[in-house]
Amino acid sequence: MERRWNLQKIIWFAMIILSIFIVVFPIYIMFKYSISDRSSWITGGRYPVPWWPFKPTFEMYKYYLSDTRFWGNGFLSIKIALLTVALSMFFGAPAAYSLARYKFNGKAVLLFLILSIRLIPDISSVIPVATVFNFAFLYNLPVTLKVALAHTLLGLPYVIYIAQGVFETIPVDLEEQAHIMGAGKLYTFIRIILPVALPGLAAGAIYVFLLSWNEFVFSYFITATSSVDVLPLPVYLKSLFGAFTPNPVSIATLSLLVSLPVIVFTFIIQKYMVAGTTAGAVK
Amino acid sequence: MAGLTLKNIQKIYPNGYHAVKDLNIDIKDGEFVSLVGPSGCGKTTTLRMIAGLESISGGELWIGDKLANNVAPKDRGIAMVFQSYALFPHMTVAANIGFGLKIKKVEKKIINEKIEWALDLLDLNGLGDRKPSQLSGGQRQRVALGRALVLDPEVLLLDEPLSNLDAKLRIKMRTELKRIHKQLKSTIIYVTHDQAEAMTLSDRIVVMKKGELMQIGSPSEVYNKPANKFVAGFIGSPPMNFIEGELIKDGENYIFKYNGNVYKLPSYLKDVIKEKIKGKEVVLGVRPEDFEISLQPIENAIEGMSIVTETLGSDDYVAVEVNKKLLSVRIEPDSNFPLDRKVYLTPKEEKFHIFNK
Amino acid sequence: MNTALKKEDKWNKFKEGLKKNSFLIWTLLPGFLYIIAFFVIVAFFLLKLSLTSYNGGMTQESLTIANYLKLIESEEFRTAFVRTFIFVLITTPLQLVTGLIGAILINKKFKFRGVVRSILLLPLAIPTIVTTATLLLLFSKGGHITSLLMGEYPWFPKITQHEISFLNKESLALGISILGKVWRDTPISMLILLAGLQSISEEQYEAAKTMGSTTIQNFFYITLPLLVPSISSVLVLRSIEAWKEFIFPYILAPSYPVLGVLIEKYYVQMFDPGTASAIGVILIIVILIGTTVLNWILKKMQSYLVKI
């Protein structure tokens, strides 16, 4: 690498700094608000909101972390996300395996079907989905299951894409070897393929977990149409906006608490995030 | 252990590609047979048909005295070692070796004994608890072999098992394989593209090209009496020299005419010609070590120019330009052979091959 | 007798096929039944609801296209449609540009490349609702941006006398939604374009360099043409997402609804699932048409580019 600083390099460096700033600035603002004391956000118009709080405080974090409602909502979000992961893995992983391994008539149709889920706007499909869940015999299903079933639909295309990629990297030799030695297809899938695919599948699972954790539209409509007190975190956060006097510290703190697990996981599975977000776009 | 018979075996893929054409091979119990040929010759397809990984499009496959065409792989009494070894990465060496026995629901005690036996046989003692990723290439290869051997297969199938090893290790494993074969007396079918490997290991060699059988025979048969030009060129290193030309009858004997030059063929060839050769266009073949080379003019010799010399350590070769093509001729090592000189080549007695063009 | 035999034969063949492919069927069936059930539910209920008229809580039994007729005449719907179209027209190319800049910046090899890439991916990780919250805080009355523009911070020039209320002016509110959408989704286009960039080997640039091509010429003659497939997929995927957009305008510009927000308004606030579904159906059709047209244009442009 050259160590010379020419104009081109200076521009490049400045742009990098600028993009990092654009990305980090809103997150910083959130953090700043979350540790603000009262005088740092209620200014009465006499002075502008400071860029760093006068007296930083973690009061709001303490409040939320000891609030049973927050934990209740948090656990609901976790339960929904875990159930979503379980369901989408159960439905998606075996299908992905067959899509990766076998050539059969109509495979292209199936792949198109998966892709076309993303063509339908959430806001359009949520109406029939919510309607169906309001039918008498489905109305009493637990909210966790209803939301998870909806989220599974969103997660399924990603699970299938990611898992298909993972299975394709496993040499067919392994299966043939097991086959010659007398193992059946199911046995081979469970005892040979799944254990080998586990790390990649785990990343897919985390991706779907985050998808469910972040999802708003389906969570909002389904919880809104079934009378419940406990809300998934994004919906809970949204309910704070509508309060009589929205408290920015409260919003900011809850926002960061919701984002934190996502940020941590994203760094861990960055490689697979790339696979998930570009699924179907580059081949 | 059992023998194996392939009767008119065919492989035609759904897209119409004819991968194996009418293959007939008879393999005796305890024999070490190699399938060789360039890539795409159908040798691996044949092996996979024997294993049951590929369906047989036509013909009969007999393993022992059982028709095996539609028998599931696990019931054929075969075991296979893949080129990639196909070790299960999440299992220990011992678990890999014991996998097949576990599936066959063999008693745990016997499985453990078998594993110990294999580890001992293959010089893997103490490595039973390792994962494949912690082994060297040669060790992985031996684990794959052990995994196949513990099953006491009737027939052991090896698909280029040594090709992923470096040259030194490959030669060592070759000897090792030979020792194991001698000790266990198993029937082994061995696929390789490396003719030297096939020559050193096998009792018999099956040479294939584009799905067709070219020749079956012992290493010395395929080397000394190649059935056609392809086998002659494929077996042996450096390869046999070929000179194209035409045959002219001269009384009882024949004259070989190439590029305006003529060479009187020795009389022992006339029977071969009567038997094998059709038409006038032929190819003469002589191995590099079967030429006598002389700087003095000799009557009835092939004339050429010496161009360069090369050494392979034990042997030296000189490239001789004949008919705008280079022929390779073995010479005495360190002989300081003069270059850019006219030389005269005469094939040694009985070392002459003649093929249809 | 003969036909019965034949039937049985066919049935047996079918059963045999099932048995032979049972693994394939059992692995694929659950997942795809799930997906197909979803499509059936969406298609059936969305259409049925959109053809049902809700009048003051009373539903009519017979199917009617009254909802569609009402929408076509409604000023609100037409405005929302235009808004949505403008939203698509701005966000799609904007995300291409921001994504391309990000991808080019990251495509260089440098010391902290992995870390920088992770940081630039952050917007994707943060829940959308949190992003909207941040924008609300920044642009609300007495927030940082208004104070900044009014010159209340000594280091920034005074740009306006009066406080701008961002969220109560149509162009500004939609502008902020666009800003949020672009901020959040740029990493996706960046990753797609980065994959495209990385498939261009360094040697191609070096070969061009030896022929005297400058960096800028390299970009226009090598990078862009080879990037056309990635650019196309960014445009198509991003435009679909832009048509579908709901959350940003819903939170940041509720008074100036785009189609998605209008659906929510009819469904939740006005208890009119009929009209809401009709808009939903129209939105799906618009997306299908929009995507097809865009694909067609891109193909035309590609063949034009190749000719040059």
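All chains are identified by letter, namely A, B and C, in their written order; residue positions are counted from 1 within each chain.
Everything below uses one rule, namely that contacts are C-beta pairs under 8 Å (C-beta built on N, C-alpha and C of every residue); 3 or more make two chains touch, one makes a residue touch a chain.
Since the model is a prediction, treat every value here as computed from it, not as a measurement.
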Chains partitioned by contact, chain A not counted: B | C
{"item": "Taking each chain's C-alpha mean as its centre, the one farthest from chain B", "value": "C"}
{"item": "A-B against A-C, pair bridged by the larger set of C-beta contacts", "value": "A-C"}
{"item": "Chain B-chain C separation of Cα centroids, rounded to whole Å", "value": "59"}
{"item": "Euclidean distance of C-alpha centroids - chain A vs chain B, Å", "value": "56"}
{"item": "Gap in Å, rounded to a whole number, between the CA centres of chain C and chain A", "value": "17"}
{"item": "Complex interface listing, chain B residues touching chain A", "value": "51-53, 73-74, 78-80, 82-86, 88-90, 99-100, 103-104, 147, 151"}
{"item": "In the complex with chain C, residue positions of chain A that touch it", "value": "1, 8, 12, 15-16, 19-20, 22-24, 26-27, 29-30, 33, 43, 45, 47-49, 51, 90-92, 94-95, 97-99, 102, 104, 110, 113-114, 117-125, 127-129, 131-132, 152-153, 156, 160, 185-186, 210, 213-214, 216-217, 221, 224, 234, 237-238, 241, 246, 248, 251-252, 255-256, 258-259, 262-263, 265-267, 270, 273-274, 277-278, 281-282"}
{"item": "Chain A-facing residues of chain C, complex", "value": "21, 23-24, 26-28, 30-32, 34-36, 38-39, 41-42, 44-46, 49, 101-102, 105, 108-109, 116-131, 133-138, 142-144, 147-148, 152-153, 183, 187-188, 191-192, 195-196, 215, 230, 233-234, 237, 240, 243-244, 246-247, 251, 260, 263-264, 267-268, 273, 276-277, 280-281, 283-284, 287-288, 291"}
{"item": "Complex contact set, residues of chain A against chain B", "value": "171, 173-174, 176-183, 187, 192, 195-196, 198"}
